[in-house]
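The block underneath contains the structure these notes are about, expressed in C-alpha cells.
For clarity, chains are labelled A, B, C and D in written order, and residue numbers in each chain start from 1.
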Amino acid sequence: MLKVAVIGATGYTGEELVRILAGHPHVRLAYVSSREDRAQKIQDIFPYLRGRVDLDCRPFRPEDALGAADVFFLSLPHTVSMRTAPALLANGKRVIDVSADYRLPDPALYERHYGEKHADPERLREAVYGLPEFFRDRIRNARLVANPGCYPTSALLGLLPLARAGLAWQGACVIDAKSGVTGAGRKASAALNFSEVNENFRAYKVLAHQHEPEIAEGLKRAGGKGAFVFVTHLLPLDRGILSTLYFQFPPGTPEKRLRDVFESAYAKERFVRVHAAGRFPGVKDVLRTNQCHIGLALREETGNAVVVSAIDNLGKGAAGQAVQNMNLACGFPEEAGLE
Amino acid sequence: MLKVAVIGATGYTGEELVRILAGHPHVRLAYVSSREDRAQKIQDIFPYLRGRVDLDCRPFRPEDALGAADVFFLSLPHTVSMRTAPALLANGKRVIDVSADYRLPDPALYERHYGEKHADPERLREAVYGLPEFFRDRIRNARLVANPGCYPTSALLGLLPLARAGLAWQGACVIDAKSGVTGAGRKASAALNFSEVNENFRAYKVLAHQHEPEIAEGLKRAGGKGAFVFVTHLLPLDRGILSTLYFQFPPGTPEKRLRDVFESAYAKERFVRVHAAGRFPGVKDVLRTNQCHIGLALREETGNAVVVSAIDNLGKGAAGQAVQNMNLACGFPEEAGLE
Amino acid sequence: MLKVAVIGATGYTGEELVRILAGHPHVRLAYVSSREDRAQKIQDIFPYLRGRVDLDCRPFRPEDALGAADVFFLSLPHTVSMRTAPALLANGKRVIDVSADYRLPDPALYERHYGEKHADPERLREAVYGLPEFFRDRIRNARLVANPGCYPTSALLGLLPLARAGLAWQGACVIDAKSGVTGAGRKASAALNFSEVNENFRAYKVLAHQHEPEIAEGLKRAGGKGAFVFVTHLLPLDRGILSTLYFQFPPGTPEKRLRDVFESAYAKERFVRVHAAGRFPGVKDVLRTNQCHIGLALREETGNAVVVSAIDNLGKGAAGQAVQNMNLACGFPEEAGLE
Amino acid sequence: MLKVAVIGATGYTGEELVRILAGHPHVRLAYVSSREDRAQKIQDIFPYLRGRVDLDCRPFRPEDALGAADVFFLSLPHTVSMRTAPALLANGKRVIDVSADYRLPDPALYERHYGEKHADPERLREAVYGLPEFFRDRIRNARLVANPGCYPTSALLGLLPLARAGLAWQGACVIDAKSGVTGAGRKASAALNFSEVNENFRAYKVLAHQHEPEIAEGLKRAGGKGAFVFVTHLLPLDRGILSTLYFQFPPGTPEKRLRDVFESAYAKERFVRVHAAGRFPGVKDVLRTNQCHIGLALREETGNAVVVSAIDNLGKGAAGQAVQNMNLACGFPEEAGLE
C-alpha cells in the first residue's frame, strides 16, 4: 500500500480527498495536515469518517510529513503550493497540486492573474496538466501534476473534442459557466453568508476570471485554436458546475457531425458520458462522482450548437480528478477508489 | 376606484396579481376566480391577505364576472385565455392577458409553438405587446394587452436598446437564461418535486423553448434585426430570472458606446436600472419588485460584450408588468401600486 | 409627517425597517446610518429602494441625527444600544430599541446573559416591553420601547394566552424553536457560510440561549407562571421562525377549552391568526408580513397539547413589530405601513 | 457472492439501496424492478451508476425474480409489500421489507393506521424488527426483517438506551422530529412542489402520524415504558432527520447519569456516536452515511434533559439500515458495504 498525504485537509477539496482516499484500495492515507492551530483527529473534525480513518490532523511540518508518505496532495491556497512543493519534490516525493500554482506554463501569466511573482518558475514547464482524457500519456509517471481548476475542467471537456477532431468554430465560443458555492472554498465571508447566496443567482468576475487563461492554455496544449468568452455565475447549491457552451458552425453542419466528434472522443472514457439526443445532464446527475456528463444540440439551418457539460466541482472538478491523476501517475487502475 | 378582476387567482402569477392589486391606490379588487371546485375566501387561501382583501374565490362564471369588474387580468393557461377574452372584450371590458395567447402576431406561429389552432386569430394583430419601455404609446388606451413572457421580458430589455440605437451585433447573440421554479407554475409534477430541483441545475427545452419566437417578434416589433440563440435553465430558487447575453461587436468598439446605448435607453425609466461599470445584478436585488437591473461589460480588443439582465419572473416578468400595463392603459401613474 | 431615523440601517433588520418605513403613510424616513465607513446612498446599497427613498447612509453622528428626526429605531448590536439611547432620550427623542439592551428588567440578569455590565440600568424599569398584543396600554405614549426578540415573540404569543386565561400547564412546557438564518444577522462567519447551513439542520445553544430569560420575564410580566424548556435550531432558509410548544394539561381537558383561550385572546388582533382545527401554519404563510399564525391540537385522553406559532423573524419578530410599536407610541393606526 | 434483488428500485430508498449494494463486497446485485412500464437499464435511469452496475430495470415479475436472487429488498409502498413478500418467503427467499407492512405486531393496529386490512397477518409476529443496536440477536438468521421507519429509527435510538438502563422519565417525553423531503418519496405532488417546500417549514400530521404506533411498539419491544408526544415537521432539504427529545427527570439527576446511559449503550456500536458535552450533531454530519449521531444536555436543578438524534433518512433511516440488517441476517460483517 502506497502511503499518501493530504496537505490542507480541512477545506472542501481536502475533505473530499480524505473521503476518497480513505476508501481507496491501493493506498493508505498516512498523513493529513491543516492550518488550524489545534491538533485534532481528522475523524473528530469530520465525524462521518469514524471507523474509516484514525489520524491526527495538525499544522504541516515538513520534517514529519516527509517520513510519513510517498505521494502528496496539496490542497492549499494558490501561492502557498509553490512554496511547499519544491522541498517535497527535492526529496523524491510525488506531488498532485490542486491549487492553481503549476497550471500556467508562463510565469508572467501567473503573475498577472494571481497577483504575485511565481516562486518556482523553472518547474512550470515540467509540471503536467492533469486532464487525463486528453493528456493521459504525460500524466503516467509524472512527478508533479497540476490538477486542473473546476471551471477549466468543465469547459475543456466541452472544447477539446473539437480541437482534437479539427472541427473549428467561427468567432468566439461562449462559455456560460455556473458553479455551486463550495467552489469558493470554506471561509468566513459576508458575501458567502447563507442569506446572501440563498435565493440568489448572479454573475461575478465578468470577463475577469482567473480561470480564463487556464482554459486558453488547455486549448493550446491540445493543439486547438479558437476564441472564447467566459463568464462565471454563483449557484445557490453546494456542489456542481454546469457550463453551457455555444458554438457557431457553418450553416448546414449536421448535428451528427458534432455528436460523432464527442462520442468518438469519449467512447473509451470511463468518466465522461455523452447523453443521447434531446437529453441534457443536470448537476445532480454527477453529484459526488468523478464523472462529466455532456449533452448537445445543433440547429442545422443556422449552424448554432449548444454543448452542456456537468461535473461535481469537488469530484471531477477537484478531488476526484486528483485521485484519477494519482492513479495514472502511480500505475493503479484509473478508476481505483472512484466508483 | 376602477373595479378589477383576476381570473386564475391561485397560480403563482395570479396570487402576485392579487397581492399587488390589493394595495393599489386607484383600483378595487372586485372579483377573483380559480378552477378549484370549492369556493373559498381568497384570504383563507393566502392567509397573509387577511385584513387587506375579503373576496370569494370560485370558478369563473362570465355572468357573475361581467357585472363585477371593468378590467380583467387573465392569468390562465395558454389556449384558455383565447377562449375567455373574446366575450369580455365584446362586453367592453379591458383585458390584460398574462398567458401567451395574444403575444405572437401570426396564428401559424402560435399553432406551431403551442400545439393548437388559434381560437381568436383576428385579434392577434389588434393586441398590443405590453413591454412599456419600448411600446408605451401603443399600450396607452389599449383594450387588449398581451403581457410579455418572463424570459422574453428579461431578454428583450437587454436586446432592444441595441435595436433602437441601431447598434448591430455580428453573428448570433447568445441568450443564456436561468429561471426560478415559480416560472413553471403551481402544479403537481414529479420533475418539479423539491428533491429533483433542489441542489440541482439543468438546461431544458434546449433550442426548443416556446419563448424563442416571442423574443424574435419582440425584436422585430422594435425594428431590430440580428440573430440569437436562446437556452433556458432551471435554478433551485423560487423567484428570479437572470439572462446573460453575449454580443460580438467589431473589435475596437469602446465599452462607453455600449454603456451610452443602455443608459440613454433607460435614463427616464423608473423600473430599469443600469448598474455602474464593474457591477452586475443578482436576482435577489430585484426580488419582489417590478424592476429590471442591468450590468454590462465589453472587451475592446475583441469586441466581445456581456449584458446581464435580472428580473423577478413574477414581478417585471409577469404580475408587476401586467399592473404597469394596466396603469398605462387606464391612465394611472405608471408606478401606481408598484413601489 | 413625523420624521424617523434608523440607526444601523444595513443589517437585515435595519434594511427591513427602511423598507417598511419608506412606505409608511404617516412618517418620513429622514435619517439612516451604518457603521460602514464609506457614505453611500441607501438606495445604492439596496437598489430595490430606488424611486422610493433618497438618503445618504453614513456612520452615526449624534450631532447630525438629533436635528434630523423625532423617532429613532436602534437596530444595533446589543451593548451598543444602551450607549446610544440615553443621549437621544435626553434630547426628547422617542426610541424603539430593536437590540436586547432594554428587554430585561434586572441589570444582573443582563450581565449574566450578555456578558457585560449594563450601562444604563436605571432606565431598565422605565423601558416598555413592546409586545402589543399583551402590553398595548403601556406602549401607548412610551418614550423607550424594548422591541422583543424574535424567538421570545414567537414563544410568548403561544404562551401568554394561557397565562392571561389562567389555564395552567403541568411540569415544564417544551418550546422547540426553529429559525431562518437572517436571525443571526448580516456578518462574515464561517459557521454561517452557505455550504455549512444549506442542506443542514442543527440545534444550537442548547439550554443556553440568551432569549430564555426574556421569555421568562415576558411570562412573568403577563402574570403567568409555569416552567418551560427552550431549545433553538437553525433552518436552511432566509426568514421565518416556527416554534412548536408542548403542554401537559390534565387528561380530559377538551381541545375546545384550549381553542377558546387562543381564539378569545386574539379575536380582535389584526396581526395574529388562529388556524381552524387540523390546520397548522408554515413560515411561508407569514413571509414578509407582521403576522403570527397559530395552529393547535389537544389529545383529550392524555391531555397533551401542541401549539405551533409561525412568524417572520424580520417581520413580527423584529422590524414589523418595531413599526407596530411606533404606531402605538405615536398614536397612528396600529396597522399603518404594515399591510 | 450472494445474489440480491431490489424490488422498487427507482424510488429514493430503492435508488439508495442500489447505490449501496452496487459497492457491497459480499453480494452481487442481480435483479432490480420498478413499476415504470418501460424497461430500461438502471444505469441509464441513474447515470452515476454507469461502470458500476449493468442491469435491466423492468416491472416486477415473480417468475423472473425468483430465479435471479436469494435476498430481496422490498422498497415498495405499504400494502404492496404484504402482497409481495409471501410468495418470496414461500420459495425460501430472505426478505428485507423497507415498507411499513411488517413493523406492527398487531393487525388491528395496522388497519387503523394504514387504512387497510392486513393481507398476511400470521407473519406479523414472525417478522423481526430490524433495529440492530437493540434487536441484533433476533435479526441474525431472520428470514423476514421489517426495516424500521425513518422517524422511529431516529426516535428509538434516543429512547431505548433509557429503556434498557431502566432510567424512567416523568410524564410524556416530547419527540419533536424534522425530516428532509426525500422522506415523502419520489412522486408528483403539488404540496411537495419545490416552491411550496423551499423557504418553508411546517408541522404536519400533528398528533396523527402513522409512525407513532411504531415508536410505541419499539419501546415496548425493548421492555420500555413511558409516554411520549410525537410531532413531525418538513425541512427544506433533501436528506436528514433530526429529532429533539425532551425528558423530565427528577431534579438533581446529574447529567453524567444520562451521559453514562447513552455512552454505555453505544460504546461498541459502529454506527452510533455520542457527541461530547456541549456538542450537538447536524444532519449534514451524517449525510449519506449509516450513522446516527447523538448529543445531550441535562439541567440538574430542574431535571429537564434534551437528547438530539441525527440520521440520514435514506441511510440509517432506510437503505443503510436495510443493508445492515441483511449483513446480520446473512452473517456478513455488520459494516460491509456501509463505510
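Operating definition for what follows: contacts are C-beta pairs under 8 Å (C-beta built on N, C-alpha and C of every residue); 3 or more make two chains touch, one makes a residue touch a chain.
Just so it is clear, the model here is predicted, and its values are computed rather than measured.
**Q** Report which interface contains more C-beta contacts, comparing A-D against A-C.
**A** Higher contact count goes to A-C.
**Q** Quick one: point me to the chain whose Cα centre is farthest from that of subunit B.
**A** D
**Q** Quick one: subunit A and subunit D, Cα centre-to-centre, how many Å?
**A** Centre-to-centre distance between subunit A and subunit D: 36 Å.
**Q** Starting from the mean Cα coordinates of subunit A and subunit C, work out the distance between those two points in Å.
**A** About 46 Å separates the centre of subunit A from that of subunit C.
**Q** Residues of subunit A that touch two or more other chains: which are they?
**A** In subunit A, 196, 198-199, 236-238, 281, 287 touch at least two other chains.
**Q** Spell out the residues on subunit B that touch subunit C in their complex, using ranges where they run on.
**A** Touch residues, subunit B against subunit C: 23, 47-48, 50-52, 199, 270, 273, 281, 285-289, 291, 293, 335, 339.
**Q** Give the list of subunit B residues in touch with subunit D in this complex.
**A** Touch residues, subunit B against subunit D: 12, 180-182, 186-190, 192-199, 236-238.
**Q** Using the touch definition up top, name the residues of subunit C that touch subunit D in the complex.
**A** 170-172, 174, 176, 178, 196, 198-204, 206-207, 227, 229, 231, 233, 235-240, 242, 244, 246, 248, 280-284, 287, 295, 297, 299, 302, 304, 306, 308, 310
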